[in-house]
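Next, two complexes with chain A in common: one pairs it with chain B, the other with chain C.
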Partner chain A sequence: MSDGELTAADVPALAAGALLYSPSLAPSSLETTVAWLTDLLERGGPLRVVPPRTLPPQAGCAAVCVIGSGSALADLPPTGDEFVTAVRELERLSGRPVEAVLPLSAATVSALVPAVVASQLGVPLLDADGMGRTFALIHHTAMHLAGLPVTPLVVAGATGESLSLRVPDAWRADALLRAGIDALGGWAALAAYPSTAGEVAAASLPGTVSRLVEVGRVLLASRDPDTTVARLAAVNGCRRVGRGRIVALEHLSRPTDATIPTHPSSVVVEQMGPDARQLRLELRSEIVAVFSDGALTAAAPDLITLLDVERGVIAPLDSLWPGDLVDVLVIPAHPVWYSAEALSMVGPASHGIPLDHPRRR
Partner chain B sequence: MSRATAPLALAELVRVDPLARGEVAVLPDPAQRVLRVELAETFDRLAHTPAHSLVVLHAEAATGGWSLAAALHVAWERGAAGVVVPRPAMSEASAVLARRLGTALLVVDDDAVDVALELAARTAAPEAARALRVARCAEELAEQSSVRGVLGVLNAELSPGLVALVAGGSVLAGRAAAAAQRDGYREVRMAVNGPGGRAWAVLVASLPEAASAVAAEVEVHSAEAVLRLARLPLLAAWAQRRLDTSAQAAQERAAFQVLRAQVRLHSGADLVAPGLDDDAGQGADGEVPSWSTELGWRVEGVNRAVWLQREGWASQHEEEPAPELTQLLRSQWARLRPGWPLVPDDGGWVSWQNSPEDTAPAALRRALTGVASLLTDHGLVLGVGASHPGPAGLVRSVEEARLGARVGGGPGGITWFEDVGVRAVLAQVSVPEVADVAALALPRLASARDRLVIAETVASVLDHGGSLVAASAELGVHRNTVLARTARARELGLALDDPGQRLPLHVACHGLVRAWRATGSS
Partner chain C sequence: MVPTAQPAEGSECYQHTDPSLVGAQLRPDGATAVVVRPAARAGGRAQVLLVERATGPGALERVLTAALSVLAAPATDAVPSRPVSVVLDAGPYLEHLLHHAGSLDPVAVVRVTPRASTDPALARHPSALVEALVSHRWVVPGGHDLLGRELRLLDRDVLADVVETLAGVAPRYVAVVAAGSAGQPAHERTVADAVQAALPGARISAAHDFGGHGSAAREATVVADAALRGAVDVVVDRAEAVLRRRAGRRGAELRLCRGDGGSLSAERARSAPVLVLGGGHGPAVLGAALLAGLDRCRVVLPAVGGGHLVGGVRNGLALVRPLVVGSPPAELVVPTVAVDRARPGVAGDRLPADAGSPVDGQVPDVVADRPLDELACAGAALARPLSWLDEIAAIGSADDLAAVQRTAVQRATALATANGAEPGSADVVEVSAVAVPYSRAGTVRVRVRVGGAGR
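Then we have the complex of A and B:
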């Protein structure tokens, strides 16, 4: 990506970056979307990627993402018009035309579809997002923390149906949407946070789309784990907690609750070397905490991910086996996520770990 | 701090309920003192745990996965005595972490609050807990019916200490390392007296050094209490075993006498009489008594008997060997010659080899050299009979073996009847009476200080037809020495050269050698 343009040649890097920020995803689940976006950019030309403050402050904006299950998206591929349908419906509800879109979370498949939508609509993609990584619920955003309303929002499915929603309390949105999304086939296109470019400039996390491409390039450039970790440190502050072998996988290792999908499990890594420690990774839809010999050393909203040392690639959480040699990497989230209010939303306590975040101790 | 209020060690606490009902996953330092019990339902509470507390995890702090790992870390930071965790929150990886941190980890199945309450009661009254422990141990000891079982309970109870039952210099049961002096370990000994208050054995416990003098006193006191409790079950188990084997030996002894009587009845002949037909016994009654197989004996086929007796023993004048010696011999014999019975009989012991057909004696000659150390240890001699068929053959072989043993003089204390031949007649010479006669007939020899050497030399010279060379080779001395000794014998009144006296002198010397060897030469 150069001069604020995203070309078809940048898509593999964008996808690789998106995978780093979503360790629970298998690379194959992005294939359809990668092919779609590449095709759009090849036929329609490069996409403009601009910082929010370069647009007129009153320009209408919307956040876009895929809501629901990534594997459902792989099973039921998009027909192609769901995202445009959702944005058009949101324009109708909010009474303001959408002149730019931004990713709700610049990670996973939701890092790619906003580029698809922008390309389809012929509007620029904002170089910003609401999460700077991915969180489980749609109100876990910097915009919500800054006071922007989540709704009205629209979800549109591959079935040609759509739902619109308006809630006074943002946290109710996910609960109300869940049943509807199941009926739509397990996933849906979401358009939410109808706002202006001025509001987005003040409330969103800047530079996160271009950072994904940079991260992706680092990951694609080298298969040497030490080189990769050193370069990632320069781009996003990544640090290695330790290298070790997976010795145990524990499933349903903690009580679960209904607010966040996927069941809790644990991965135990025995660190190598003389100062070896036992690293315990607590998993939900992502790795939510790392304990080093029982001491909490990293926790959500830190992004914790595993690098397969032997292959030099990010190890997806659904293909871990005892005996795998991995680097445990911790990437700090945007500082906005370490405030008391944000930590109560996305910190360790939100995952059933009532301990102080290591950054606040 | 007195012994009554000295705090409990973890090793003591895990032996009593509620922890005794649970499982000890990791116990790196059994001597760790427990000063109080902390029921931790939140991590906040856990973070304020005083040192030497035993932490019972509950509710939020026992949700499994990360919570146990985090609790172990906090417990380690706070210097807690250990962590008690409900089983659902336990995982193998946590045990590994506990081992690495050196933190005790105990798993319970009961409700954590109940466990904490019970533990608090125990730590508040250490002496009561210790009494409970001893009571529990007494129950376990009472269930044991073997010496091995008793030592098993003791070793589990006093772990990481070791316990052995030692008699004399040898370990009868338990862990042999307990009897060895080890650095960093103290020894606690408890004498175990047999019937009549005679010392039988000693229980030796080897305990790791305690952290303090009070702790050491408590540990020694507890160990003594437990060892004292074990004495009675030990004696009972030992007596039981002894009773069983004594009864068995007595039964076999009677059975062999019945067998001999039957054979004699049917043959109607004196078995040792020369010229007896080999097949006479079997011909008269070749039947094998059915009860012999119940005793584990095999007497059909060909038998070759051996006879063991104490060196210089003469049946008509001395008492029977002690039953303990019979027990000892039976167990050692069973190890050396598996499948051979060992039956006490007439002051000695009978054993025999049974085979379907007659076998060459060369293999048995080699095999019997293996029992030489047993003979030396107990001052025994062994005679080997010839092989004969059937029960009657066995009885005959026993008589031959006994004669062989009486004649003696074989290498390694083993004498084969086949090598002795007619010299067996000498075995019939009554040793004490020969000695009495010699004292009268050969007074100067009998009172000489070198009488045994002289008698041996004269017997040997006469054995070899007067050949000094052959006698010196047998005795392993120079020919001139033999010459000097025969000269000395003549001085002492032994008329070697008188043909009329040579036979009685020859017989007398053989008898005197055996008599004086048995009693010592002076």
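Then we have the complex of A and C:
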């Protein structure tokens, strides 16, 4: 990506970076969306990617993502009109045309579909997002922390059906949507946070789309894990907690609550070397905590991800096997996520781990 | 013919009671066969007794004939012999055909999804290699979600129209893939049955027969499966003809090497030829390990064009991942042996010590010191009948998970038996269950590998 343009040639790096910032899915689950975006950019030309502050402050904006399961989307791919349908319906509900879109979360498939819909609509993609990674619920955003309303919102499914929603309390949105998403096939196109470019400039996390391309280029340039970690450290502060072999996958390993998708599970990694420790990774849809010999070493909102040492690629959480050799990597989230208010929303306690975050001790 | 080890006088091989095995490999440019004597005890080394190579037309027939001539002397009444086991790795040849679509019969595809695509990029398969195998496409409204819940009633009027059009086109090979058919195959089966009724001579590949998930991967799998049916029939016919003529009274049983380093019966290969794809390096990994007498190791193979490839063996089986074909890559839902280019810094004969160390000690490296085709044939000869399941399930408790895993293991065991395992010999090799991210709580992906002893 150069000169604020995303081209078809940038898509592999965008996708690779998107997988680092949410390792929940195997790359093959993005195959259809990657091919679709590539085709759109080849047909329609490069996409303008701009900082929100470069647009007129009153320009209408919307945040876009896939809500639900990326695995469901991989099995039931979009027909092609879902995201445009969601945005057009959001325009009708909010009474404001959408002149730019941004990712609700610049990670996994939700980093790709905003570029798809921007290309389809002929509007710029904002170089910003609401999470800087992926959190479980749609109000877990910097925009929500800044006071922007998540609704009205629209979800549109591959079935051709759609739902719209208004809630006074943002945290109710996911709870009300969940049954609808299941009925739509497990995923849907979401358009939410109708806002202006001025509001987005003040409330979103800047530079997170271009960062994906930069990180993706690092990942694609080398299959040597040591080289990759060193280069990532320079870009996003990545550090390696340990290297070890997965020895156990456990399920329902913590109490389940109904507010967050995906049941708790755990991965046990035995570290290598003479001072080997046992790393216990606690998972929901993402890795939410790392315990090292029982001590909390890292926790959400830190981004915790696994690098397959033998292959030098990100190890997707939906494809782990006992015996895999992995590096456990920790990347700091945007500083906005370490405030007391944000930690109460996305920190370890929100995942049933009532411990202080390591960065706040 | 290259004798690589002299069978001892009076060896089991020459007495025809030895379970000596034949492994063969068919490539676009030729064929190789080896005679292998398996290890006599656990931890022992298998031994290659003979290597035969040929190129050009009839290469497969010539190498099989040479190998069988060593083993197929008439059995005596006093010492009854078991049939000679012949396992053929046809993967390199079939993958070559996939890359030359003109050499295969075209495939008609019927998708079952709630709606047809509105964007041309989504109407076709993302892989150019897969799309080149497709001659026609139709969409029938219908389909289910990942857990098998119906998303749209199957549109029987559209199905009737599609079948009528199909009958006019009269394709020989048809691939049917329905959304959610791994969880609920009813719509896919209905469509396949309707197509079969209209085209009794057509060979139909249906995605639910292979499990897995991801529509692109499932469609790539059935398209490849359908496209390869004619070619696999020809290969199996050729090999079986040699076995009939050359196996003598002892007889011979033909199996084919699976992409995951296992084997399956010739009949199963005819009905699911995509399972045969992905050979080549995979059996070579297994062959190198077993010739070294190791069931847990890493194997370093020379790579074409320089450098090295590395694969792993655990529990006597090669490590696997989903098969990928073409570039840009198209993933299939069938497994293949995981072989990667060795990391920088590998000096050709050793790998970084930390990279292969298990929890309980060092994993030895096996550095291939024989030609790849010879190793692949040895691995094919020793390949066990295997099965693989990859499915999505819903659980509400640890007991549910145990029940889901039990059921999956039972199905995988039945598949291993269908693939040629001795009944009762199948054992669970590996099981993995992971939560499906961003799905309803309790949604898990369960994968099972089961291996058995060849009959």
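Criterion: the second predicted complex is superposed on the first by the 361 of 361 C-alpha atoms of A that agree within 3 Å, B and C clash if a C-alpha of one lies under 4 Å from a C-alpha of the other, contacts with A are read in each partner's own complex, and residues count from 1 in each chain.
Operating definition for what follows: a contact is a pair of C-beta atoms (placed from the backbone, for glycine too) under 8 Å apart; a residue touches a chain by one contact, two chains touch by 3 or more.
None of the values given here were measured: they were computed from a predicted structure.
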For the overlay on chain A, clash or fit between chain B and chain C? fit
First, second, both or neither for A:Asp75, with chain B first and chain C second: second
What angle, in steps of 10 degrees, lies at chain A between chain B and chain C when each chain is taken as its C-alpha centre? 60
For A:Arg311 in the superposed arrangement: first (chain B), second (chain C), both or neither? second
Looking at the overlay, does A:Asp293 come into contact with chain B only (first), chain C only (second), both, or neither? first
Counting only touches as set out at the top, which of chain B and chain C does A:Val247 meet: first, second, both, neither? both
Figure out whether A:Ile353 sits in contact with chain B (first) or chain C (second), or with both, or with neither. first
A:Asp182 in the overlay: touching chain B, chain C, both, or neither? Say first, second, both or neither. second
Larger contact residue set on chain A - chain B or chain C: C
Contacts of A:Glu282 with chain B and chain C, given as first, second, both or neither: first
Applying the document's definition of touch, where does A:Arg92 land relative to chain B and chain C: first, second, both, or neither? neither
After fitting on chain A, the minimum C-alpha spacing between chain B and chain C in angstrom comes out at 11
Which chain A residues lie in the overlap of the chain B contact set and the chain C contact set? 247, 265, 270
Using the touch definition from the top, list the residues of chain A that touch chain C in their complex. 24-25, 28-29, 31-32, 34-36, 39-40, 68-72, 74-81, 136, 158-160, 178, 182, 184-186, 222-225, 227, 243, 245, 247, 249, 251-252, 256, 258, 260-263, 265, 270, 272-273, 283-286, 309-312, 317-323, 325
Per the touch rule above, chain B residues touching chain A in the complex are 42-43, 60, 63-67, 69-74, 76, 91-93, 96-97, 100-101
Touching residues on chain C, where the partner in the complex is chain A: 113-122, 126, 143, 145-147, 149, 151-152, 179-180, 182, 213-218, 310, 312, 314, 319, 321-322, 328, 330-331, 340-341, 343-345, 354-359, 392, 395, 397-398, 401, 430, 432-445, 447
Okay, in this complex, where on chain A does chain B touch? 247-248, 250, 253-255, 264-266, 268, 270, 277-278, 280, 282, 289, 291, 293-296, 352-355
